[in-house]
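Have a look at the structure below, then the notes.
Going by the order they are written in, the chains are A, B, C and D; count residues from 1 in each one.
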Amino acid sequence: MVKFPENTKIGLEVHLQVNAGKLFCGCEGEGMDRERSFQRTLHSSSGETGSSDISTMYEESRNRTFKYIVSTNSCLVEADEEPPHKINEMALNASLMMARAFNSEILDRVVVMRKVVIDGSNTGGFQRTSLIAMGGEIKGDTYSSKISAICLEEDACRKIEERGNEVVYSLDRLGVPLIEISTEPDIKNPEGAVEIAREIGNRLLSAGLLKKGADSIRQDVNFSMGYGRVEIKGVSKLTTIPDILEREMERQKSLAEAVGIWKERGGTENVIFEANNAILNGTGSRLILKSVENGKDILLSILKNGRGLLKNGNFRIGREIADALKQIGITGILHYDELPAYGITQEEKDRIANYLNLGEGDSFLILLEESAEKERAERVINDRISKIMSLNFSETRAAMDDFSTRYMRPLSGSSRMYPETDISVIEINESRLREIEGRVPLRLEEMVEKISREYSISKQDASTLIWNGMTEIFMRLSEKYDSRAICRELVQKLPDAERKKNVKIPAEYVEDTLNYCIEKNYGRYSMERAIDLLSEGKLPEEIKSEENLKPLDENEIIEALKNIKDTKNISLVAKQITEMKGRPVDTSIIARLVKVEKR
Amino acid sequence: MPEIDKIHEGSVITFKWRGRELKGIVLGVKDKYVSVKLESGYNIMVVPDKIIYARENGQIETKQRETPGESGKGREISIISTGGTIVSKVDYKTGAVFPSLDIREITSKFQYLERQFRLNTIPFLNILSENMEPEQWVELARKIREESKKSEGIVISHGTDTMTYTASALSFLLKEQSVPIIMVGSQRSSDRPSTDSYLNMEGAINFASTDFGEVGISMHSSISDAGIYLLRGVRARKMHSSRRDAFRPIGEKPVGYFQDGLVNMTGKYRKKGERTEIFEKIEKRAGILYFYPGMEIDDMASFMERKMGIVIMGTGLGHISTKFIDLLKEYTDSGRLAVMTTQCINGPSDLNVYSTGRQLIKAGVTWAGNLLPEAAVAKMMVVMANYPDFEWSRRMVSNVRGEILEREELEAF
Amino acid sequence: MPEIDKIHEGSVITFKWRGRELKGIVLGVKDKYVSVKLESGYNIMVVPDKIIYARENGQIETKQRETPGESGKGREISIISTGGTIVSKVDYKTGAVFPSLDIREITSKFQYLERQFRLNTIPFLNILSENMEPEQWVELARKIREESKKSEGIVISHGTDTMTYTASALSFLLKEQSVPIIMVGSQRSSDRPSTDSYLNMEGAINFASTDFGEVGISMHSSISDAGIYLLRGVRARKMHSSRRDAFRPIGEKPVGYFQDGLVNMTGKYRKKGERTEIFEKIEKRAGILYFYPGMEIDDMASFMERKMGIVIMGTGLGHISTKFIDLLKEYTDSGRLAVMTTQCINGPSDLNVYSTGRQLIKAGVTWAGNLLPEAAVAKMMVVMANYPDFEWSRRMVSNVRGEILEREELEAF
Amino acid sequence: MVKFPENTKIGLEVHLQVNAGKLFCGCEGEGMDRERSFQRTLHSSSGETGSSDISTMYEESRNRTFKYIVSTNSCLVEADEEPPHKINEMALNASLMMARAFNSEILDRVVVMRKVVIDGSNTGGFQRTSLIAMGGEIKGDTYSSKISAICLEEDACRKIEERGNEVVYSLDRLGVPLIEISTEPDIKNPEGAVEIAREIGNRLLSAGLLKKGADSIRQDVNFSMGYGRVEIKGVSKLTTIPDILEREMERQKSLAEAVGIWKERGGTENVIFEANNAILNGTGSRLILKSVENGKDILLSILKNGRGLLKNGNFRIGREIADALKQIGITGILHYDELPAYGITQEEKDRIANYLNLGEGDSFLILLEESAEKERAERVINDRISKIMSLNFSETRAAMDDFSTRYMRPLSGSSRMYPETDISVIEINESRLREIEGRVPLRLEEMVEKISREYSISKQDASTLIWNGMTEIFMRLSEKYDSRAICRELVQKLPDAERKKNVKIPAEYVEDTLNYCIEKNYGRYSMERAIDLLSEGKLPEEIKSEENLKPLDENEIIEALKNIKDTKNISLVAKQITEMKGRPVDTSIIARLVKVEKR
């Protein structure tokens, strides 16, 4: 296990999708894309971004259009064509239940805010979010962490593709309720972070309120080791946290080391590019040739004292610069350390060094870009370098598949938030709090234990019920019928039938038909028959109306047995009779009758 | 320790809430609750346990940023602001909407506008459009006359709620007009990144530089940020309460279309004239009455009492319960005006078709084809104030501004 | 020689006009003019020089052909007739419209109906729909309860003008319904060869034999004689005064579609229940008020005086001039009901978005999403008569018959 | 010239399209078809047709659908989706002017009627028509005729095609105003009919109110010679009247003769078919074989005493029967006289005669049709024969291209008319009558004479002006400028320019630009230039705004002449200069300058 510095601070922001309708409209949480789409542009308002936030300015200047694919579970609200409706009660309650679970202090009044996001992932240009509770603590088996805030938010659009200036999003995920739980940066190591994050997810799961699906838990990780806070976005798999943090820790360590050397050498000077398209005349580099062909210039600058720091051993300041430039759409950057390469020869490298009058420890940068972009690039590069030199690495970074992270944007400030005036302040009154009081989620282990104990089923079965989100249905049906029988239907028969027909039967259909069997006193065989019929695509109404579930009585079975010759295998006989009559049959009766017959 | 009633909006505050120490800026105090913007950006409304520290700061003020003035070079376009969503901004701390009209914010989005036009911004009114009164229509007409002397086109920013009423009223108040008059609004306020105001305004400025000699409306043609319609004011109607493409032409096609910097005039329209002349009087004693089953005779009678003219929104081709016939006869016999329109919105009123209609004709009720109720009441207010009473009915039924369509095509519904 | 004032309708007449001798049948006499149907079929209105011959003949009478009764075999469907264009015929001599309801005329066009259904025709009212009053809604509901005991479906022929009001009122008056209730009308009367009545009625009878447990409307889906829509009564509106396809669903898609003898139920709907139960009271003191710029405080005040509840058709998301706020507060404080809807017709009212709306909330004004004005007033009349006043507001805003849509899809406008 | 019987009576119904907007809506008289269409069915109302009118019942029972192609000049009124608007003033006035022209008595009040027509040619199922005037007289050079009625009507849809059960119509013509002038049946011979019809058309032409186009004059001819009135529909060319009437006269004569013979033989008995599919077993007739293959039966009936009358010499009762059957969609009829033919041999003919036990003078009919249609066919045949036997031939017939006529339907009765209640009664008041008083159309000859005299132009030119519909423009422009010059532009230059570019220049464009030249005092060369520019597709606004019409002054011409070497052909020089400068030039100035130069 890698050793992290003493002053390591890790905090989490865990996002949990709530298994409920959308947060501010009447649409369902799940849906499919449709043929229809519309397209938009977004504008940043002057009041809202600081002048230094050039990535946001760039975002707008790019003139991007966003295309939104309409889904079956979207309406005018997702299209930003109608004010939001009242908040989804179930989602709000879920967030309150989570707050209670961790002893977080619930606010008397909830104010819905808009958080500006203009990457198109929200049709309105903002995400709706509200602070639900503050404080509390998450206790895992080994680690614990204090909670700073619990928020209830809308999930964003699902990005489908990016082509040229157009980004395509689906509206299916937009507006799905998300509970965001942020911890204090009091976690000391990645293992702790994993445990805490898992604990958070398990609570909502244990309450039966976690949406199913790959997306349902996503976390951002805050990390600091003395060089400012880095927020790592988009860690989708819990188990990758240690690897990602390790890579990030190494990045910061190397960066600090490089800065030490650089400063020792006397620091650097501002990068200033000058165009010299003739300098590489006669080059064989296809990169250069193609770039010139596309009308770009060859811009050169000294990077004072930078030699060997841009790409050399662990030093990767070159990549820091490239990542920052990429955010404003500039990609053509080369530097001393990586040459000769890309078809540029040592002779050409020397020619440039010579031309720039490079000193001993100096490096140079080559920017392949139109001269008009020179100033923007210089500003980004110089800002980036001076930030690194100040040993303040705080920023927002994105987690990559290879566990590395990439620069995304500066940490977002509070100026990006303002109230959602279309929704009035929500009072969390006593009656609501009383309502959730009995439903505070237990820890997953406790929940498994409790269900197993109270309903006399195995822990294995209890756990399966929870993971499949069937706990509530199970408990309701168990009030009226033998819980073990119900458990068998839900844990064995149901998944079995679904697997056979490769279908997903809606939970409410299952509850409806089983309930019917219970009320009619039809017994186990009818329940199984009900699930079989559902798996064949029949609707509960049909199944119920056609008396398909009424078990055959003894006389009917005797009648049916007359047509069956081989009665050795009782369950085969039952199957034959059911197929013949379209109705369930009790095998024990068959067994009895067959015996009688044989006698 | 500061008392809660000493805390003012804008104070920087540190306080204890349920044992936690919190910091922020005070947005307001009401009852025992303090509204605070936390450093995280979230607003909370809490009853503090104890206030530890508070300092007046003045960081929060309701910004009143009206920046009249001129910008750009080229053909002069006046932008007269009356208020409404299109010029409103949000205060990012309180969420309160405040009026702001900095034309450079718009032109900075579309820099070619600065090269083609000299945009002259004039704050005129600053009201929500539902508070607009007929007297203000006349004032606006006067302002238009004044601006038309120096400008080649006039854009009027206006709340969308009563935009078609104002557009209709201006259409009738302007006896002649030498410049295009384009009304523009927005359905999503300018503070939202997704606002429709920029594109609507871009369209409006472009439409204002054509030879269109009518009062038009410049709004989104679909929910996409793609094209902008130019609609004839007297034939347009806000047909949806919230969508960007709420404004629709009724019974006709749009007059023009703007997309990607280009105006395409697709419909027929009056060309701008030599001078701008206006009527300066308006008769406020006119109103709209919406018929419904169960309406009592007294409902109509008491409404009529205060009115020189009424616009009835009848059912179908223009019908109301026949129990009102005598009352209407009495009303028109006394020299006052009753005009029938239809609550169907689309299609004509025609009192010749059914017996109720023919009884209404005998009772002196006038109708004017597919004249819209909004245009009807605006026209009535102008006609009654500026013509002798024996001409009222004839003026109402004759088409002067394209408000009555001679023919309705199949696609127009 | 017969005198002009002795000539009666129906007389056979020979007379001189400007030297020519003419013959015909007298249609009427007014002032000096005699209306005559010539042998050529043309009607003329002339002042005769001299009447040569006249004889009472009685050939012309206003036919009053109501042919109640039953026809066909199969599932029983009741057809309750209330009047309107669909059952009107023209007298071919005078052009006067008279009521006629011979179900065999309809079934003779669609002979399969006779094989599938037993159609039972019940003359109930014979009025133009603009004269329908709320008390008659209750009577109609009683009739429905009675018919539902023996029939499997009920078709109500009704004038199109107030059809959606009646459909809404019935929706709310029926606490439970055991049969589909389908309203049907026509936009072109049955006497015209081009009438839409047959196809609308064919659709209605077919819809009436489904498991639809709501009050629906069966009218043309387009101007072609092709498909018939089944629309939810509380969400439909007559959106054109004259077209066949005037009825449109607002904010949702049609519930069903009928073409070539086949019903396709495409939308969600309530299934018919076990029994039919109704409310038998209605509060008439409710009405619709249409806001417009220039509306005076007295206009609203005097309207309110006579009402226990009012439905306001405001602008946009549900706004009116803020000068009415105090008045509304006083009104709601006195225990009466004010519900805001939008004159945009499409889209919701939402008083949370703008400051005017928030002031209206404080003044006690209620709103109910996209509840239509017509449905609102009908619902109000039923709610106020049958529930205690402290429940009124809550009942108005809760969706009971699909009158308030949870979600509006993009295509629905 | 063929001699017609003494008791011949001919009456005319002449339909003239008025050059005005549509009669009851705001659409123009001309337009083009568009992509869009809709479709309808029509129902006959029980009250309206007599029980004997089986052709109407058949029309409905056919379940035909009508497809209407929407045109640029149609609106909701043509679609039968909106009540009619007020009557077109110009059309109404035109009808009144025609009434005045023939001294017909104008009614004080005009009642618009609906005439039921359910063949789909009117979307509403009826045509709107109103009686405007009665009486009066048309005087030609040789003949004269009394007027019975002048009506103002809507024209019907233009039929495009008929395919299967669908008839396709265009809405472009529907609603165009038609003046119908009906004469008493007081014309004695076809030549008189031609003259009277021509006189009627010429009057509207002379008033400049006749629409242009092939369709603009259509006439129906009423003919009787003692056997009842026959109405011949759709005579589109005036000159074909004599040929058509001759054929009709011969038809009736032969028919009467045949009836005489038939009656002499003792008359006939009802036709009653019986099926005998076996009788032609082994036939080689492809007609029979195909018919049987299509599931039709062979139905046979005696036609008592009918031999030699069905098709023999001039006798054609067979065709009378076939035509009547065709109206109810039955086509497969054969009879004794025409056999052997169609592959049916003499032996087979005899076999049938034998089977039917045919008497000496008897004939037989073979109907190839399903037995289910037997009764309908019998009814039509027996009705037809008894009508012929009664020597009452009155009916509506259609004119064919070969001058023959075909049975269409019985004469329509007055029960098909009822008032159009959507339009109130129109009062023809004094002020309206005064308004038209000065505009009563002259006879064409008088009009030619008048214009020629008043404006000092040739009769030839005056006549051309009238035929081209340019009279009014000519008279207006002549008030301001030399009428002969104007005449030259309109009669010579304009058609010339149009022919060259193969375009049709709208008359109002011509008036607009010529007016402009007059006002600016630009003279003849500018007018010609204007017409040239219009023929090139330029709009009047463009032409006027660009000062293209201002003639070159002397200095400008001198300047221009410097670039021209060969100045022999003055008009060629003028053309060159105009092309060079884009402006007109006065040839006389050139001539003068060239002379000066040469000197």
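A few notes on this one:
Rule of thumb we're sticking to: a contact is a pair of C-beta atoms (placed from the backbone, for glycine too) under 8 Å apart; a residue touches a chain by one contact, two chains touch by 3 or more.
What you are looking at is a predicted structure, and each value in this text was computed from that prediction instead of being measured.
The chains touching chain B as well as chain D are C. Between the Cα centres of chain A and chain B there is a gap of 43 Å. Centroids built from CA atoms put chain C at 33 Å from chain B. Centroids built from CA atoms put chain C at 53 Å from chain A. Mean C-alpha positions place chain A and chain D at a centre distance of 75 Å. Annotation for chain A: residues touching 2 or more other chains are 38, 76, 79, 81-83, 421.
Counting only residues that touch two or more partner chains, chain B has 97, 223, 242-243, 317, 347-348, 350, 410. Taken as a contact graph, the chains fit none of the simple arrangements: neither line, ring, star nor complete graph.
Chain B contributes residues 97, 128-134, 137, 159-162, 165-166, 223, 238-243, 245-246, 284, 286-296, 298-299, 302-303, 305-306, 313-323, 342, 344-350, 354-356, 373-374, 377, 381, 410, 413 to its touches with chain C in the complex.
Chain C contributes residues 17-20, 22, 33, 35, 37-47, 89-97, 105, 109, 188, 190-195, 198-199, 222-226, 242-244 to its touches with chain D in the complex. Only residues 317, 347-348, 350, 352-353, 369, 405-411 of chain C touch chain A when the two sit together in their complex.
Residues of chain D that touch chain B in their complex: 25-27, 36, 38, 70, 75-77, 79, 81-83, 85, 421-424. On the chain D side of its complex with chain C, the touching residues are 38-48, 65, 76, 79-83, 105, 107-109, 111, 113, 115-116, 118, 123-126, 129-131, 134-135, 149, 151, 413-421, 425.
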